[in-house]
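Order as written gives the chain letters A, B, C and D; numbering starts at 1 within each chain.
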Amino acid sequence: MVVTKKVDIYTRKINYYDTDQMGIVHHSNYIRYMEEARIHMMDVENIGLDFVESRGLVIPVLSVESKFIKPAHFGEDIEIHTKFTKFNGMKFAFEYEMYNPETKELLNTGSSSHAIVKADLTPISLKRKHPDFYEKLVELYERDKDE
Amino acid sequence: MVVTKKVDIYTRKINYYDTDQMGIVHHSNYIRYMEEARIHMMDVENIGLDFVESRGLVIPVLSVESKFIKPAHFGEDIEIHTKFTKFNGMKFAFEYEMYNPETKELLNTGSSSHAIVKADLTPISLKRKHPDFYEKLVELYERDKDE
Amino acid sequence: MVVTKKVDIYTRKINYYDTDQMGIVHHSNYIRYMEEARIHMMDVENIGLDFVESRGLVIPVLSVESKFIKPAHFGEDIEIHTKFTKFNGMKFAFEYEMYNPETKELLNTGSSSHAIVKADLTPISLKRKHPDFYEKLVELYERDKDE
Amino acid sequence: MVVTKKVDIYTRKINYYDTDQMGIVHHSNYIRYMEEARIHMMDVENIGLDFVESRGLVIPVLSVESKFIKPAHFGEDIEIHTKFTKFNGMKFAFEYEMYNPETKELLNTGSSSHAIVKADLTPISLKRKHPDFYEKLVELYERDKDE
């Protein structure tokens, strides 16, 4: 079977309030754009946060990394390419590349890793308790993982 | 009996990430400073949000107003004077004046009004269910109200 | 001549990071949504912030008001109706109504007033120095003002 | 000569608006706390951002990393330990550890790397143009670097 790798693409405008006095997007906002992008991907894949939270689960962030290659500015769009690159049954990870869609310049690369836990932040066996969600994440991982 | 009016004073530094590309504090952040200031006052008066939330209550904001008189900048402090100016048993209001503590210039005036409701956002009779909290708010109001 | 009143409509998703521990959009974010909405309207009317800033002008906010009628939540859209309601040659104002586009409920009403000044925040005569911009604002005002 | 390693300690309160609907500090805010902490350290060392910007320089962020070990909550303080761990004449880096000062628990570890450039974001030779600033950074690096 051939698995076609797929990258989810999410585009958003830069807001004025995203800038700082350097005249560029404040670096902390890329972390927020990453959140928007992975939520977009999960929505597209029918495992959006309403799906997750309706099962009494939350997905806290374990770690993030972000490299600021070129600055983004107010008035520009930013296009975020998201891949689902890791899954071990309890944790998963995303990788992100952010572009200026007009100039095609790469602005930022990043990654985030996450746990799936109960709403009270205690552990759960996804495979046993939510096998459909588990299978969906395996499928995304098989599709997107780096080889 | 003489009631001495009292203004709670709260001072904080301006963060770099509070600025925007105009080189000044983004106006939305004054709304956040107001929140910090009223939480400070409530802490000082022993009715802090831990007290409120431990009783299964929350204090949603009903309205805010803010007048931006002079801009604040990164590197400066901002000093916020807070008064508890209205209370009718279910709703209350604060008034704020923000100063540059070095130049004494008035930077901002604002107000916010609030409801006290249950954590699920449904109404409650404070006077009946939490008479100590109710009495404390009456006392603050008698002290700070505008005459 | 019949002037057709026009309301600019801008819709955006609620981000996860817009929420607070009450489980609703933090009230300060409505002030940011207002900024997005008026920038959208100015873009639609060809007087976007790039137009403004290319002339060495900035548009600081003088005041905002916001009434929080019903809470917005993560996963919902919010639809903002914006009108240009005041203009006196140096200052102007917008009014906003925010809706849940699915339930049609009114969530928030607000307003903001603004000055047009030079980038160094000193005054300018718009009518004399930028008559085309001035005329455009008169036109918007004539169209949207409350009668 | 004995160089005493020194860790700058910066403590701040968690704001209500720092939380999200998971009831914990939104992860993006740790990136902002890191900024506050390094600005605090630079102030303490007399190379604060006013010093930097008065010389026509800015310090854009090149990368950040953050590991979220335990969540912080509204009403708690957070204590940030900052070290200046890298400097090569053009770039430098900080490392951060964040603690709950009451429980002594480690909440977060992170790092950030930075360039020193002109305000227009073009390169500069710090050693040649600002030798005093250069020497100060060498001194901090010698003091804090990991051996």
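The definition used in the following text is that contacts are C-beta pairs under 8 Å (C-beta built on N, C-alpha and C of every residue); 3 or more make two chains touch, one makes a residue touch a chain.
Small disclaimer: the values here were computed from a predicted structure and weren't measured.
Set against one another, B-D and A-D show the most C-beta pairs in contact at A-D. Farthest from chain D in terms of Cα centroid separation is C.
If you average the Cα atoms of chain A and of chain B, the two centres end up 36 Å apart.
In terms of their C-alpha centroids, the spacing between chain B and chain D amounts to 30 Å. Work out the mean CA point of chain A and of chain D, and you get 26 Å between them. Listed for chain D are residues 16-17, 22, 24, 28, 32, 35, 74, each touching two or more other chains. Of all residues in chain A, only 22, 24, 27-29, 31-32, 35, 58, 60-68, 71, 121 touch chain D in the complex they form.
Per the touch definition, chain A reaches chain B in the complex via residues 16-17, 19-24, 26, 28, 74. Residues 15-17, 32, 35-36, 39, 48-50, 74-75 of chain A are the ones that touch chain C when the two sit in their complex.
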